[in-house]
């Protein structure tokens, strides 16, 4: 059994972006998804600092400190892109105009509850950013994360233990082991990595799994992990 | 007497900001920080400030210099976590109970400032409903969905970073420099813009991104 | 498959608008009327429409043709008075009790549409407090001042008039053509823009006034 | 006694615009005030359709149907002017950024109540436009109107009889007979046309008048009435 690395998870998410979608990608792992949009599809990447149509990272000699995304990365503007102010950018988010937001997470519950902003690190200040607005208002909230913690504890749970970002919002979870849709009845496995049994996946998951009739193999091309 | 909002220096622009002022500071993700004005304010050494700023800890912002200098009583922001394991100046003071903090979802932060400039005292938003940040806030159901009531944020002063200004205070922004600048400019009693170029000649009507009626002073920085 | 929101004609652009649709129509003071789309909708002869339009009676708007054709069940606007002493098509139907009317202060009309597009279900405004238009509305006091609660307005379709569009649906506006267009585009499930020029080439990022993500179809008119 | 004509009232209002003010002028008589700003003063005229810095009417060969004010007049943009959308324009109004709005009126009460939108014309549809937003939120509301109705009935009253535009908002009234400030105690006459006694002015007014210690003569240069 070979779990996907993070770039491979990003690749897998990227395959599911449809032509013309407006997509917001969270800081960290999710921003990599835009590298893996299928040939021939145009997807508009929204960054919550107001870049509508974010392009790839700028080359070092084209980098412009005024052209950044919400993660402070020096980026480019894709053809057809523009920049709006933060109030309008969040009006776009809150107004339900984002087709999909892809977010990292600490925990996801079977009822769709998301915990991704407060890991209770002692003494460190809070950082919520745009996570609550995105989770509350995007048409779909897709989570990408490792299936378990480094210590092997499940991140897909019956109920979140960490502070919530938004209740009942997650619609899909892409992990290193599986692709799981979340519906009114809980978790529904759509794909599972080769060599991992359904029982093994269930044992690494803190809530009951159902398996889709067409449950397939989660596979990705060889892509090296980045820093 | 023609309108001319240009002043000679950042120090002059902030010279009448007093003890206990509520100060909005633009900037997000590394772009649009009004750092010259922040440093000029630090040099005035007026204390008891409340800062309304997206991040209390962004490494490219000079906001931390106000905090380190002990001039800040309270921060209203959406991000107050320093990078890495070491505690930032804000986190050290916060841990010591020497600084107050209000954390808001970023969209609430943005729209509460917009509301402050738009004469809307309060509005409902879905963000933070059912979370710790929504605790204690008034909630209400509209069309089967739950929302929290959020109040407007206003300020005594807003520091905004733009690209080009004219004598009327009209502004343009470069790319992502815009972020919180336009909303903050509307929500403060006094708005000061620092810009790359402050020209006498009016900016073309269709290039203006923030009308000068929202800007009181302009300084080149 | 590249994004391309341009369609061949106004008739094609409105072909799936159904009976009873809520339709927003841009335009104010003679500029920015989406008249080609209005006429194309009239030709479809679908009835029971609710119009969200600043004025039900502006002489340069074709809104009256929908009203005269008997297709309109209700109007939400800030102005419904025809010029002169003679009654306009709207006024005749209104007098006869054949059309419903909601009149809002223009700023409430504008911000309720903005709220509809911004995910804000309701907000407080001072406009109409203590007047007949505020009667029956919930009121509340903030910081010693009284406000009325207003709810968001959304629509099935928005008709917007712009100047230049590109294949992404990005728009520019000429001068006062802008008015209600940007807000309406955000508040409808389907937004159709009629423009002078619909080009394939992307509009420069710093010239775009309405991001194409808010526009579903573009037609030259 | 010679009452001011409407252009002369507009002239008198125009004298009171200070340098740098942001001023909104209502449809009808008030828009003429911008013709009478004092030499050397720059005043920014806001039209609620979003023109910030409205200039004079366009010459016939420069008239542009896309460049209009809220009254559908083809105008120009003054140096430093721009155009914003209606939502932002009314955010500017509602947010208290307008220093002065000059409005026509049917009635003004001694407590500052304004009635200027509904004259109860039978069968005609309602038209409120931006009047309620302006009256409720401008820093100062100045009214310009004839002192009495055509039939000689007072328009300055103890209480309005027509539907209100906003309560307690009017700060000044410029009429053909007088300039009157409105404060917490009611009407205070600042200027009165030559040849009209204080008693005569009071007899044409439906609420008690006080006269300022420096009450002066209301005079205007000869300006012909326009259509």
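A few points about this structure:
Which chain is which? They are A, B, C and D, in the order written, and residues in each are numbered from 1.
Note that in this section a residue touches a chain if its C-beta (ideal position, glycine included) is under 8 Å from a C-beta of that chain, and two chains touch if they have at least 3 such contacts.
All values reported here derive from a predicted model rather than from experimental measurement.
Listed by label, the chains touching chain A and chain B alike are C. Chain A and chain D have Cα centroids lying 56 Å from one another. Annotation: 33 Å between the Cα-based centres of chain B and chain C.
A separation of 35 Å divides the Cα centre of chain B from that of chain D.
Along chain D, residues 77, 83-84, 90-91, 93-94, 137 each make contact with two or more other chains. Annotation for chain C: residues touching 2 or more other chains are 111, 114, 118-120, 125-126, 175, 205. Chains that are in contact with each other form these pairs: A-B, A-C, B-C, B-D, C-D.
Contact residues on chain A toward chain C in their complex (touch as defined above): 19-20, 22, 40-42, 44, 46, 52-53, 77, 79-84, 90-97, 137. Residue ranges of chain D in contact with chain C, taken from their complex: 47-51, 64-72, 74, 77, 83-87, 89-91, 93-94, 118, 123-133, 136-137, 163-167. Looking at the complex, you find that chain C touches chain B at residues 111, 115, 118-126, 140, 142-143, 145, 147, 151, 175, 205. Note for the complex: chain B touches chain A at residues 28-32, 54, 56-58, 60, 78-82, 87-88, 90-91, 94-95, 101, 103-108, 110-111, 113-114, 125-133, 163, 173-183. Considering their complex, residues 1-3, 114, 116-120, 166-168, 170, 186-187, 202-203, 205-206, 208, 211-214 of chain C touch chain A.
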